């Protein structure tokens, strides 16, 4: 499975997805560059399953989110095919005001903790997650810190 | 001397000597361990740290005695005493020199073995009375372990009894005038090894210290004790170790036998006991501990059949040699 | 924080067995940091684990949005504080990838030397603390711990003469490194690694000839290959489960392709396999340092001028995910830059966070004593887990 083969397979299965960004330069190793795939939200889990079964990307690296202010949130995940050295970076824009996304836990067990952290920091509700509660902050914390609307110096009550 | 006083003199002297010995043995262990780990050990308190045990004892005496609110007070308070008393009692039958001992019972070694098993009660009381899950877990492990290892301990200790033909410790010591039992071909060495292993386990020393396991149960059954009660428990533990070392010296290393005049006997006894103690300490600072189920496997599947076989074969050897 | 009352009740399950819920941590001698595991026990066997983390959360990701590219590398050390060079390298590499900034050869070799020395130092700490957890702070474990710390101090002395700090450095900057090695450092480095090379053999024989150690480590905490990839654990854990994947080989960064070294792989998947992987990694890292010192090229140590002001480095719009093979696995920095002197978003892919996520899958079925052995072999550093 080479990078080109993977790109071709993605192209035929997920024709609406946008594959890859700018060209590589000398400053980065081409071998490690991932295939960046921008998807619609409803294809999120389907693409992950496709990547795991067809592309052989069984290694779940991480999943996180980015807050693009007015344009809404974007979820990001990276999965790797360790044997062939092919990496796939999945992205999906949730749209302004939306904070729900299908969960990757049915496909990758490593998504459990990553998505809990995402929920903790961004408030994204992952549908299908078995145990969505806060990970790093205490259970009674108000607000989701990594959102751009959460000021760095937001006061919070002294800890009990 | 009034009639009621004279029987109390010997126990009084022995108790004081034992307590003094126990405090200084902690310093010996710390220095020995430090040298093994390429560092120095206590150095500042007194010349070369010689006053360190005194400082520790004073500190423990002055510490606040914190009792958990939900602890079972009577059991909690009694536990250190119930633990300490058998550990002190074991010194009753040990002969430090011919005729020098508190009580030279004709069931000397049986007394030692029986009484030393009583500290399990104190241990469990400590774990239960603390009303703490960790302490309880540790106490349950302790009962498990000590009971499992008391049997091989008894069998290993019975081998010198068979070889000497008497339960009386002074007679066992006297029977070793010619050849120390540890040098007895094959049987002596095997019995000694079994004795040391069972002693390690019965005293909760590494590699069998699963019940205190600092990195898992954080001091185990004595986690809720502080101040003088903790000092009593420590005292009891080390007294047991020393007591077993003395017993090992009597059973296997020839007690007071050694070159030089008769009156050097107790000194040789002390040196041999210290040698055993250092052996135990050496093992403590070299090995990692094993899990509780592995400990129990070792005891019931390996050590018990081994010591049983050893005892039976000793009996055969003794009868055969008597017949010859 | 979970309600304390919920965690201390005893419940009876349908088969009549009694289950005890017990807390392990966050203050615990072998928690490797602040980690709370709520264990559900049946006797001595664990049937459930709920891992509660976040005690060391310092919001690095939010913090990085307020600090410039010149300021943050020193703070990046605080994620994996045991192997601080690793995290700094990931951050700096991500910035360099976006800005398409070349790093001079000498700087790359220096980076390799520091990374490998850091790996040796980190593995020494791992070995010491793991044995201490298994053997007790007052017992055989402490002996190995003190020996390993003694060696680690030698390496930290090297770092101190280079950077000025023993534990948390600010050695990297975008474009290269900040400091060059002083005179005599290379010679001292060679002596140190020769000494450590000899001592590793001692530790191996001290531990592997000891049946107690083997009984504690073999067959304990088996991670299957499938579980390893699914959860996303990396580093010695992955290689101990039979996956031959090392970032230094698969996606070489910073001139790693110039060096010859072996990547140890074991198929056992248990604590002993991970131990063997790390012990071989010691020797391989020392070999890499020797090669790098021998072939260290002359030249500049940075393609950017020295740092004079905090807003000096501006990275154009773009994003990159830079991965580094740290002692614990894949440390990654996903950086989104927006053209200013501060990043727009930075995500740490902490190696220990993913490694720790495997615990709830492998611990049930073991005894309490195994939890410390497994945690030690997973080797988490909570700065990375909680960030």
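Chains here go by letter, A, B and C, matching the order in which they are written, and residues are numbered from 1 within each.
By our rule, a contact is a pair of C-beta atoms (placed from the backbone, for glycine too) under 8 Å apart; a residue touches a chain by one contact, two chains touch by 3 or more.
Since the structure is predicted, the reported quantities are computational estimates derived from the model, not experimental observations.
Taken as a contact graph, the chains are arranged in an open line, each linked only to its neighbours along the path.
Measuring from the average of all protein CA coordinates, the nearest chain centre is that of C. Spacing of subunit A relative to subunit C, judged by their CA centroids, is 23 angstrom. Inter-chain centre distance (subunit A to subunit B, centres taken as mean C-alpha positions): 61 Å. One simple way to say how far apart two chains are is to compare their mean CA positions; for subunit B and subunit C this gives 43 Å.
Annotation for subunit C: no residues touch two or more other chains.
Interface of subunit B with subunit C (complex): residues 33, 36-39, 133-134, 137, 141, 206-207, 209-210, 212-216, 218, 284-294. Of all residues in subunit A, those touching subunit C in their complex are 22, 25-29, 31-32, 34, 58-62, 64, 66-67, 76, 78, 82, 85, 89, 108-110, 112-113, 117, 121, 134-140, 145-146, 150, 152. On the side of subunit C, the complex with subunit A involves touching residues 1-2, 53-54, 57, 59, 61-62, 65-66, 96-97, 100-102, 226-227, 229-233, 243, 245, 247, 250-253, 318, 320-321, 323, 330, 332, 334, 336, 344-345, 347, 349, 353-354, 356-357, 361, 386-387. Touching subunit B in their complex are the following residues of subunit C: 8, 20, 22, 28-30, 44, 131-143, 146-147, 150, 206, 210, 212-213, 215-216, 367-372.
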